[in-house]
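We just call them A, B and C in the order they show up, numbering each chain from 1.
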Amino acid sequence: MPVLKILLKRNRIWVFAAILAALVSNLSQMFYFVFVGKLVDKIAGRQTIEYSFIAILAVFMIANVVTVSLNHYIGHMTAEKMAHSLRMGYARKLLKKTNGENRSCDAGQIMSVVQNELAQADAYLGNTFFDIFSMTFSGILVLVFLLFQNALLTMTLLIPAILILVYVLILSKRMTPLVSETQNAKNRMNHAVYSTVHAFPAIRIFDGEKLAMHTFQRETTDWVRSATKLERRSALYNSLSGVLSGIPLLLLLLAGGYMVLDGHIMLGTLIVFLNLQKSLMGFIMNLPAWIGGFKIFTANLTRIEIE
Amino acid sequence: MDRKVSWILKELGLWKTLMVVMILRLPFDSLNAILGANLLERFLRLIQTKGRDELPSAFWTFLLFTVLLFAYNATVWSLISVKANLLLHRKLREKILQSMLDRNGQEMEQYSAGDWITRINADADRTAGYLMEPLNLMHAAIATCNLIVSSVILVMLNVTMLAFTLLVMVPFFILSSIVIIRKVPYYKRNAQEAYAAYTNWMEPVANAGETIRIFDGEDIVLEKIEETSLKIMAENRKAHKLGAWSMFFNVLSGTFGYLLLLLMGNSMMGTGIRDFAQLMKITQYRGQMMLGVMCVNNCINRMKTNLTGAERVYEVLAPGEGEQ
Amino acid sequence: MIRLEKVSFSYDKQEIFRDLSLHVEKNEKVGIVGESGCGKSTLLKLIAGLYLPSEGKICVDGETDPARISRKVSVVMQAPMLLPMTIMENITMGHEYPAERIDRVCEEAQLSKWIGTLSEGINTYLGDRSDELSGGQAQRIAIARAMCKDAQIILLDEPTSALDAENTAAVLEALRRYTVDKTVVHVTHRPEHLKGYDRILKMEDLIGK
């Protein structure tokens, strides 16, 4: 069974609590925004705002604040429990290796796993895993909620966002060779420093300072050349992403504006969309980075056996 | 800017270059905030005044402004900022290496080979990071500019609203981002130390597995490892608890401030605030102020980490510092 | 008590030895000598049930299951393999033993005097001070651990290889006294450490016998 599945199963009560907390906190956030939308309708329509309405709004606001904080705590604790299971599972696996198996486990390899794969997976679980889980969960719930509010307006937001996502994915693929070229050039530059420092006595004795500096400058020039290419392209791509990410909001205001004017939706509903589109867009725009991080995490887990 | 970083910049002859880059990049966040707030105001006013026919022109106008703003950003970033950043990296490394090559054997041995390599590679990166990377000095300056511009615009729009915004934002910010979060790095460090203890235990597990098996010691070893693993979890739990409290006050400040502004704005409609669209514009600037404060706080924390690298570079380059 | 019949062992497709046979009777003390790298330590680990043979049969005190065999033997290896726990925990490995037994093994392993000088005595934590321990002290703790298990079969893998002459003599003396009524297999490349043993065999003589 994959390690992640074992970890989830072993901590199923915590995982269930985390899912429940995420569900409750997102629902309370949505109800809160619905009431904010109603408040906006009252303000825009110059209607009287009753004290009872403000009291209900205050209750939803407090419920939102409390559940969001609880969700943060329970979610992170679930990830911590999973990290603990991972650490203990790995130790148990090593200790409970049946007689005869041990020749195949090399101490150096074990320590390398502890210091690299296990440490990275542990840090990922403690710091990132829950945030991704929570934002993905929130993104999906917001999407469903918005679809129920108004499917057409949701699609106005969603379709350009998906196109941007595809654009970002293609760009990140196109950037990969440049990133590795720059990283290689940087490694060469760093290696030149390493060689110079270690050869320092010889450099002093044979007056090789100029040669050492020249070698270093040559490597630096190479790195600067490829880094410039990478950074410039990344500046252009990121700026273009910035422009594109503004389009869904503009379309939302344009299409939403027509819908309000035609009486299909209330102004408050548009405000709900404006408030929640940040969660949805954040989820979609961060998806490629999350997928990348999650892939590294699962790749690390494949090198860790647990009992 | 830190005194030592400033000294390094002057030594490299890049002070003016960095200032030019900063001045050119400074308006971006503020202009973006102004664009966002006016976009919302314009559309909501058109919706309220039934300006149906003007909606497409508003769409194209704001799209054009967005394109222009990001084109400006791309130009400054790709033509000037990238060049300055890489020049900084290059000059820093060359300067430290030159400083090393100018020393005699005894002076060189003041630092170990590994230490020199760290100073030329990693510490140079940290120093450049302090000055140019996101969430460091450059971004702190940009966020501060955005904060000031948003506050000034809010003063011009409605002083009472600014007063209310500050009244709600400041105490909660101090509580959540300064008081509560203060001990988080301490707990994180403890957790790291506990992880080191876990690693220390894994070493005998890897090397003395046979002895442990022969003497049936799996249980006691697992018990000891569990102690270290539970310690990691306990320290992280304390950090997450504080994180949750910090989040509680942050979200409370955000939602409470937003609601208060809407209710206050409603009562001031027609007297201090023109219409609903302007009220929404005010909420946008309030959001930008909150964002600015958070961003500056994050930048300061990140800068502290990179400053340790800059201090080590200063130690090598500044005359007389190395001998201390 | 110990029977190895035509045992072969390979690791990573490399054959360490082939058709090795060895019979050791109860309470017999057998020394095995051979050059470094000839497979002496591997042989002990096979007897201890830590490795599985590629071919052949191993029977120790009537047991053929490696996990059960491991429970019936006690081992002192070249490196003492101390764990970051207290001296007491290193000796007992977390098992409940009567206090008299622990005192006795400390006495027999010549640890009592040194432990008496420590402020926390036998509960001194070794994690922080294992660097301060001499090779002799560390190896004597490993011997005390082996004695505490009180197994009938004792396997010794060059237990004095890292010690100076004085410590070597003390450790060998402690082992000699302890193993009077035990079955012992001692592998070493120094035959002078096997004085008083019933049989001294050469590693090459065991192969193809």
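Here is the rule we use: contacts are C-beta pairs under 8 Å (C-beta built on N, C-alpha and C of every residue); 3 or more make two chains touch, one makes a residue touch a chain.
Since the structure is predicted, the reported quantities are computational estimates derived from the model, not experimental observations.
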- Pick out whichever of the two, A-B or B-C, is joined by more C-beta pairs in contact. A-B
- Chain closest to the middle, measuring from C-alpha centroids that were averaged per chain: A
- What chain lies farthest away from chain A once each centre is taken as the mean of the Cα atoms? C
- Query: Can you give the whole-Å distance between the Cα centres of chain A and chain C?
  - Reply: 53
- Rounded Å distance between chain B and chain C, as computed from the means of their C-alpha atoms: 59
- Query: When the C-alpha atoms of chain A and chain B are each averaged to a single point, how far apart are the two points in Å?
  - Reply: 17
- Junction residues of chain B - those touching two or more other chains: 201, 207, 210, 212-213, 221
- Of all residues in chain C, which are in touch with two or more distinct other chains? 50, 70
- Multi-chain touching residues of chain A, meaning two or more other chains, are 99, 102
- Across the complex, what residues on chain B touch chain A? 39-40, 43-44, 46-48, 50, 52, 55-56, 58-59, 62-63, 66-67, 70-71, 73-74, 77-78, 81-83, 85-86, 89-90, 93-94, 97-98, 100-102, 104-105, 108, 113, 116-117, 120-121, 191, 195, 198-199, 201-203, 205-207, 209-210, 212-213, 218, 221-222, 225-226, 229-230, 232-233, 236-237, 240-241, 243-245, 247-248, 251-252, 255-256, 258-259, 262-263, 265-266, 269, 276, 279-280
- Task: Name, in rising order, each residue of chain C that touches chain B in their complex.
- Result: 45, 48, 50, 70-71, 73-75, 77, 81-85, 89, 93-95, 127, 142, 145, 149
- Mind listing the chain A positions that touch chain B in their complex? 32, 36, 39-40, 42-44, 46, 49, 54, 57-58, 61, 64-66, 68-70, 72-73, 76-77, 80-81, 83-84, 87-88, 91-92, 94-97, 99, 102, 105, 107, 110-111, 114-115, 119, 122, 126, 189-190, 193-194, 196-198, 200-201, 203-204, 209, 212-213, 216-217, 220, 224, 227-228, 231-232, 235-236, 238-240, 242-243, 246-247, 249-251, 253-254, 257-258, 260-261, 267, 270-271, 274
- Message: Touching residues of chain B toward chain C in the complex: what are they?
- Response: 200-201, 204, 207-208, 210-217, 219-221, 223-224
